[in-house]
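Could you have a look at this structure, given as structure tokens, before my questions?
Going by the order they are written in, the chains are A, B, C and D; count residues from 1 in each one.
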Amino acid sequence: MGEVLFETKGVGKTYGSNTVLHDIDMKIHSGEVIGLIGENGAGKSTLMKLISGVETPSMGEMFYMGKPYVATSIINANKQGIGMVFQEQSLVANLTVAQNIYLGREKKYSKAGLVNWAEMNKDAKKALERVDIKLEPGKKVRDIDMATREMVEIAKVLDVVTEAAEGHAIILLDEPTTVLSDDEIQEMYVQIRKMKAAGNGIVFISHHLDEILAITDTIYVFKDGEETAVFPTAEANIDVLYEKMVGRATTGEFYVEAQQSVPSDKVVLEVDDLSLFGVFNHISFKLHEGEVLGLAGLDGSGAEDVCNCLVGQVAPTEGRILIEGKEVRFGNSYQARKAGILSVPKDRRDEGMVSILSIEDNITISSWEHMKSKGLLSGKKIRQTALKWIKEAGIKCTGPKERISQLSGGNAQKVIFARVLESGCKVLILNHPTRGVDVGAKQEIYRLVREMTAAGHAIIVIGDTLDECLGLSSNVIVFRDGLISGSFDCPVDFKPSQQEVVHFMM
Amino acid sequence: MNNKRRDLIKKMTVSQQFVTQAEDNAKMDKVRRYAPLILLVIMTAIGGISQKNFFSWANIVNIMFQMSIPLVISVGLSFVLLLGSIDLSIEGNMGFAGSLVAFLVVNNSNSNNFGIFGVLIAILIGLAVGTVVGFLHTKGRIASFIVSYAVGCIMTGAAVLIYRGTPIQVKDPMFIAISQGRLFGIPYITLISFAVFIIGAIIMNYTAFGRAVFAIGDNEAAAASTGINITRTKIKVYALCGCTAAIAGVLQCMRLKLGQSNLGLNQMFPVVTAIVLGGGSVSGGKGGSLQTFVGVLIYTELANWLTLMGVDTNLKKVIQGIIIIIAVTLTVEHNRKTVVK
Amino acid sequence: MKQKKFSLSNLSQYMVVISIVLVFLVFTILNPTFISAYSLQNLLVEVSPLVLLAGGLSFIIFTGGIDLGSGAMVSATCVISGLYVSRFGNWIIPIMVVIGVFLGMLNGVIVTKLKIPSFIVTLCTQNLWAFIALYFCPNGSVAVGMEYRKEISWMTSKIAGIPIIFLFAVVVVILLYIFQQYTPSGRAIFAVGANIRSTRLAGVDTDKAQIMAFVVSGACSSLAGALYAYKQKSAVPTIGDALTLSAIASIALGGTSMAGGRGSVLRTTIGVITITAITSGLNMMGVDPLWKDIIIGVILIVAVYLNSDTKGRDIIVK
Amino acid sequence: AGFTAPEGVDPSEYHLAICIHSMDNEYWAQEAKGAQLAAEYYGVEADILTCDSDDNKQIQGIKDYIAQYGDKAIFVVDPSSTANTVNIAETCEDAGVYVSILAHRAEGLYPADYPHFVASLMLDDMAIGKATASALFEAIGGEGQVAELQGLLGDDSATNRHAAFEEALKDYPDIEVVDSQTASWSQSDAMALVENWIVNYPDLKGIFSANDTMALGAVEALKNAGKNGEIKVSGCDGIEAALNAVKDGDLVITNANDGYCIAGYGASYAIQAALGSLDVEGMDPAERLIFCKTTLVTADNADDIISKFIETQDPGYDYSDLSFCIDKYQEDTAEAADEAAE
């Protein structure tokens, strides 16, 4: 490890009256990879945004190469030698790879205002080769897969910062591996090591602790916007990291396992030899009353796509879906709901919340048919239902008329849970139900899941983490490459270990 | 899918299936990309077969002449549509520029003789009006539909103010020369419109600004995060659109040698349709200059052909509408997740 | 829990009411006859059909779509009503509603099933409605027969000084308000405009909601067409030409977001009254017609700027 | 000759509303000017109300004006459509204000039935259209191919002029009409149509246009194709550009509709009625149904017309002499009116 490249001293950020980050001291050395971990909402991305110029710090100061550092915009930070790969991909799909890499920096290739695309493509090719990908730079981003896009983003950032600060750049990677397969992650490691060898400083954020252990040199742990621990990776193992992150060692209590119900024999949903061309094949399983069925699998393994079929978003190419023994077919989520299946979607902002509507509308949207009196919707019923759920699920808000978009992530998620529970659907599909939700709210959501099963609902869960999947489920099915690769019983006291399950995922 | 292929597919692993599917999709994309061109070829063939005069040089010149003004309008408008916005001020802007230029060059109602400077003044004012539309839209955060409609009203009113009821006749020798001039049999006005179009195409395809417009239309948030100045880009787009509308107004004035507020009447929506026919999208991010050219050509040929066929004007519009719906159905991407409003 | 903070941003909610009061105030000060009984009665007659048209069209705008052909639909139905009211009597009104439902459904089905943006679909169907209007009335407006004028004049006559046509409009607005506020379809229309993906995944039939919006709008436009026929006592094939944009402008003036998801028919109603009052006021003052377009354009920009509640920095305005 | 208002009547208390389609058209602007001149002559105030050819907007404007000035309002209206004339007459009757209606009159609508509907002043579209069409046919030698540019479909001037064209054809069996389409009164639409016709009908000899604007579009198209003079064009209305075109030989003929006359005298009828110097009830019903004077314009008289109407912007009519404008009475219809009155 070389000299200190970058340093933050007492940096923090407040949004309104809400302090989301404070008092962060971090040193990034030349040739060092820092691992940054912490629960959702802990403030990791916020710190990255402060360093990369997206946001300005509310307190504290930063130093780069020993000099005070202020970044007024991303472009400005880039010019100084600091670049960031965002958590949500920021490529523009209808432009080519080269145009994306140089978006906002076309000047270099312009003569009299006209851009020389050929020259840009040539340079883009070099930039791509730097991260070892062979890709036609004239290809539109919408035509390339997610993993390649991630590498293009890295190539873009690398190109920006090395231009400005060869050998002493700072590269911030915010969850770069979420969309990658195992092989692709290994490829990413190679790139990170290369950047590191060149003398740059790197910050690597991931929720996968094994990745943190594999690639980083130093680990920073954030909790509720504070830096709670810093230590060399050599001294860490998964258990230590877990404890430092969550604050307790065991997971038993966490998932309210004591209340895990034993599924009855009554089959609510049967999936029979379901296939979706190019996505998954020959999927069959049964879901019983009171059961929580976990679907585990890497991204792209087909687990989520099965759920998409079950909620009518995509029509399967082969196979049958039966509810309580009766075959059902649906072309949209409306028909799926009528048949008794409703989901808590994965992408809360775009697929879950009907953003500019009120909490009460969001809670009752799937059950307006039942909110009538004398043939008309009853405002009173709607309000009472909303109030009931606000109390029962502990939704923090100013009232049922508040817009859902003004709620915090966890509370918005509770609203969506209230919606599916109110809908009267038997089969509930929870797709990453705790994504972007903090510990406290998480626990309440787990409690809600237990209450649902106790009330006779049947639930399919795709966990945000494997741990969550195992903790919540009474049975787990593992997917690999579009096929079911294994299944486990998960009774309260004999949960399979993560390693056992992971074995079937890879 | 025939049975053999079906069996084959059943035996494939998911990843093999995925590859097949990706290839199929790519093929469909290609078909969709070339659909407007195919449509154009088919139209041209039908036109040629059904009407003996369709391929006569005179008719080809007619088509070129008639597509000139829509083509000029399409230059600015296609940028606006790329943003996913709309500019309803085009018609008013055209009328104003046409009336103003008639007022400034040699005419029957006053002794002005600004010549080419008159043309420049009219175009610059069009540009300024576009800038105002863009400014009100972005800074005032008012939907472009409304701002541009209101500004269009204002410009129509302002145009009438210039000539107070008696439209101005243009007597300028330059205007007469340009409107009647031919180079290799091609009207000057057409050549001018092609030149404007080519400049527009260069701006769209070979400048940073052009790329920024694509980026904003596709994903405004992502574009903002790469540091593109959204507001300034949008204002520039409206300025450009105002500018081309004014050029179209001046050309229309040259064509008719008359300055009147209704020079732009009913000129905008056909161009929107033409852009969409070429594969552009009214919700932004899709389209291109060549596609626009093809779209304008399809639209003009269709109108020309229906005229040659002697189809009643109103029925003509209905037929155009139906053909457009069919064409758009073929060129729009369809999957379950597509959101249309 | 039910505390309401009264802040400047809340003010924009009431801006629409403030602006109509302001308009009446200004015109009355400039010209006291503006609020004479005759003038107000005229205003009520004048706004009625436009309220229906804009009220119906609002629902399409709530979904985030648009109907550029609603004015032409008014022309078509005005023509049919005007020509056949002598044959069907007052039954023409329900007949028009049925026809409107059908025409609206045609739009809605094309938009949702063929997945073509409403902007394009209605641009095309507009030509169809215009064609129908001119097909029935190739030679321009046709007046209802002299002998039949008396029989349809009840619509513009007055009960206790209030024109019946306005009562008619009030009833329809109430029905629309009930639909908007108290039926699942009505609420679903807003949800579609707010976020169609989420709404779809919440198990709402978004296709149906979108089609419903077009159907309601179709029915209202056709009803407006019939009312125009009663009001003008003739079949006027060009009556709707300028109405689409006036209706959209009224909706925007009411503060309804063009992006969908927010708004109300009540706001639209106020918007229509405001815009009509402005034109009437200018007419009464004998403003030079050369300036009228310009004045209306300026007022429109200012009013929409003040009334729209889309000032949040995070909302993308297109 | 001067005009003195009856005892106790102050003309300046009265307000004349000049209701026209729009200011965006030379002919309507001429009407507005004529009515303004008349108002000036009588000393009444005048305002212009436009309606963009919208029936509803026109009625709205009239009612607003009545709301403002009550029985001190006077109207001279170029109606947005024929059908609207009944509404105009009724609205004014209900409010007790005097009105003259120009250029249109619905079937069965007679001033005699409405004490405040002073007079209907019409242009004899049939005669004018027939005259221009015949002049065109003569210019091409009475035989050969012609095409017709119609006005906006749905507009009744367009309908009348089309009918007149058909009527004129009856006398010329050797004229072949190859196409007849609408260019919606628009110069640019007409230009596009004619461009196509030139290609499609190489033997085309004449183009009948329902108004001057379209005729000028046709001339531009012909000039571009080098066929100006070879193919003859006729127009109608008498706008400045068309008068010049007639003078230059680009147009065979047009008709000066003379807005100063029809609107100026229309206004005069209504104003005199309102001021009490014209006894409307005492008039012969037939005298309230007037065809106004117009002038056919050919190369021979183009210069005179231009200097009279265009250059001075005031033909110097004596608006006190109401009979000046009368070409003839709408006699056939006047008889019907008599019958209706019985």
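To be clear about the criterion, a contact is a pair of C-beta atoms (placed from the backbone, for glycine too) under 8 Å apart; a residue touches a chain by one contact, two chains touch by 3 or more.
In this text, all values refer to a predicted model and were calculated from it rather than measured experimentally.
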item: Pair exhibiting more inter-chain C-beta contacts, C-D or B-C; value: B-C
item: Distance-maximising chain from subunit B - centres being C-alpha averages; value: A
item: Between subunit B and subunit D, centroid-to-centroid distance (C-alpha), Å; value: 37
item: Whole-Å gap separating subunit A and subunit D, where each centre is the average of the chain's CA atoms; value: 73
item: Distance from the mean Cα position of subunit C to that of subunit B, given in whole angstrom; value: 29
item: Multi-partner residues of subunit C (at least 2 other chains); value: 134, 197, 290, 292
item: Junction residues of subunit B, two or more chains touched; value: 160, 164, 314, 337
item: Numbers and ranges of subunit D residues touching at least 2 other chains; value: 23, 153
item: Pairs of chains satisfying the touch condition; value: A-B, A-C, B-C, B-D, C-D
item: Residues of subunit C touching subunit B in the complex; value: 63-66, 68, 110-112, 114-121, 123-128, 130-131, 134-135, 192-193, 196-197, 210, 245, 248-249, 252, 257-260, 290-294, 296-298, 300-301, 304-305, 308, 310-311, 315-318
item: Subunit C residues within the subunit D interface of the complex; value: 31, 33, 36, 38-39, 42, 46, 133-134, 137-143, 146, 149, 228, 231-239, 241-242, 279-280, 283-286, 288-290, 292
item: Footprint of subunit C on subunit D - complex, ascending; value: 15, 17, 22-23, 47-50, 52-57, 59-61, 63-68, 81-87, 106-109, 153-156, 158-159
item: Subunit B - residues contacting subunit C, complex; value: 83-85, 136-138, 140-147, 149-154, 156-158, 160-161, 164, 220-221, 269, 272-273, 276, 281-284, 314-315, 317-318, 320-322, 324-325, 328-329, 332, 334, 337-341
item: Of all residues in subunit B, those that touch subunit D in their complex; value: 51, 53, 56, 58-59, 62, 65-66, 108, 160, 164-167, 169, 179-180, 187, 252, 255-258, 260-263, 265, 303-304, 307-308, 310, 312-314
